[in-house]
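The following block contains the structure, expressed as structure tokens.
The first chain written gets the first letter, and so on, giving A, B and C; residue counts start at 1 in each chain.
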């Protein structure tokens, strides 16, 4: 990757682009890499647009032609059938064509560099890369070196960011609470390793949440979280959910745990697992969220997962609408003029 | 799966649904799980509708928009490229979008329960699950717990049922013989382990076949077959095919054989393999069928497989038409009113 | 495969078909297996048609309906994500449906012969097979035994042929030089193992190149190349590229090398690797090509790969247009009359 400077025709970098590499020169969404740095009106536009797409699922023909003829390539360096499927469905519902590329088994195995793989896909006129990668910053790297006509969506990079998950959570909260403004939101679990939590916290703060709490064992709280993330830290579940409007349970990522962080899953549930009883101190109309897939009996018991406060399955449906919103904002033909201006030939 | 009773919002069960879980409250096909219990007019409707779809393959544009915007998810817990491909093609020819999910490598590997996986796909507005599973009853289980707007097609469950295969066989017979009524049909091979045979026998009896025979070594005949299945049992091939109108060879499922059932493939062919000579006692216009893939030199020799009585490749073409018929009856927009009534929101 | 003669209904072979199995009875392209034997007007028709498709990539909706409702099956016996992807994209841009079949893991694993697999796909009304196989002649074999309505494209067979790659290279040269006529073209690298080189040489000669040179170590030049291929052989890079209009670098196929041919990659680059300095003797406007993926620092350094003479990424874009051209010539609905005449029912 030391040949980057040598590559011909780098993207022209306008004055505003310097401020946020996710926006084009007119301030429209070009990439969706992180929620950090995006302003409230843009986040609200995503939510409003997603609202419109919710209705598409109720139509007899669940398709809109906004991205017809566009090509979306799923570049999943880290396997995730669930997330890939939601992006694939969102793209198909927008009438785009989808390429699923398992990068680990393709050309890179033949010794091709990542950038050569990208250049090749760009030369095939791919319009969007949906990138999942185990390393933080991977999607930014790809966006920074992508051709001008290509949009990049971060579908999860290392511990850094998972912005469409963050936005579908905001969308779900807004549908139940009317607005994010002033809400007390408790995020429970392994914040230390969670890109989902980072995206949620960022979105909650931009959208005006009253208080964001994280509830976790000491070993799973990032150092200096209170200042760095602007949250309040709790180590006791019952105390942390007191008067909360929203309780977001994080997935205990077994495959990421190094063994040193937790004694056992049983013990984790004993201390941080959500039950109806422990929910008692939250607001009576509090909702319970989880990004899925749930480890039943670890993060929460089935009574909560399937209970009336749970909005977990709504999150999945909402995820489709939010991904359709972001994808169509980046490459939808409504923005064709903007795109051509940005260098699309 | 012991958390089933706890899940919220079970499907409303109307009075007729109690009679056959495959039908909606108006008696229309909702799921296609087994041929058992379906009445003759419905089976005939499937065959008639398939007849109309045969012509689609001859059109310049081999597509009809009956399922446009619908999402069909292939849930194959047991690998079968051939069967998956026919469902994928049938769905695409109906203009549906198709998701191929390799379940063994997806979320269930992360500890998610089967029902959570289903709930998630439902929340993504999948309209139909095509299910293949090594365990008998899997498709029924999924249909019983699916959301009201979702249809389930059984693409083979254990030794139990493979109803689209059964119906494509009926369709093929009807095209050659005009009707199933009064025909003598001989089914040859491993009936004991064959879901295909179960579906064929059920369909043949409902559609009025004159006599259904099974021809197999004693070890491969289900106990009490004559009474339980309503068939005549033969252990001698030449005797069993005498005056038969139709001879259906079953695939010798090597991968299912435990070793105790048969001495060797060579010996099997010697006793039960079909040759031109052994066909001599059948009716002069008898047709030979096989669900594929053929083990040449085991179930039959190549002279028969490629001979003029063989309709084996027609079965493949017919399979597409029959699957299009079943899929469009379950989720086609012609039945939109019925679906909405059934709970689709 | 000894049952070939027994199969019913072989394709009717017209008088012209005897001359070139790639053409139908009216001289239209039916299969695309090799450039050998195709005449200049047909190659020019492919290039002209591809020119028209280049514009499709610039449209807002990058689709044309020429192959709508057609089914293209990618039969890749040899894995190649890159090549499969270009065919998949070309087919989708023509509005065809695509089946990706990983042959090694499908029915053939259950003991089905290759011809039975083909017969089954034909019975499913597949219109085109795109075949990649490690054995030379595989695509010809499949075309020879395919049903009359099916077209076959060779996507690379052993060391024999890779005709769409050859044609996209011609297309790229013509766009830069106006014509192939009289050009001096140098092909550098492992000609001995290269199906790409065979296709290039064949196309260059038919299209009137002035001189075709191959530049390679003695161990990587086919025996009797000068007479057999009609080329001039060089073993010195600087001498070989002197006054060349076009320099085509072949990929050093590490996975094909047996170890006996070359001392080391480092040594190879030292002798045959392209650098700006070594390009000095070529014509000032010479272009540099490579079929990809590049081994940087082996076939060439990054300065050349990313330099202003490099047209390597254009080759990728052009590959889409050329594949669209060939596919639409074989199965596009513009030729529907011809197809029906050829036996399509």
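Methods note: contacts are C-beta pairs under 8 Å (C-beta built on N, C-alpha and C of every residue); 3 or more make two chains touch, one makes a residue touch a chain.
Remember, it's a predicted structure, so these values are computed and weren't measured experimentally.
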Contacts common to chain A and chain B (chain labels): C
Interface residue identity across copies chain B, chain C - same or different by half: different
Euclidean distance of C-alpha centroids - chain B vs chain C, Å: 41
Contacts with 2+ other chains: residues of chain A: none
Touching residues on chain C, where the partner in the complex is chain A: 57-63, 79, 81-82, 85-86, 88-89, 92, 254-255, 292-296, 302-303, 306-308, 310, 313-317, 319-320
Parts of chain B lying in touch with chain A, wherever the complex brings them together: 3, 6-8, 68-71, 97, 99, 101-102, 105-107, 110-113, 116-117, 119-125, 333, 336, 345
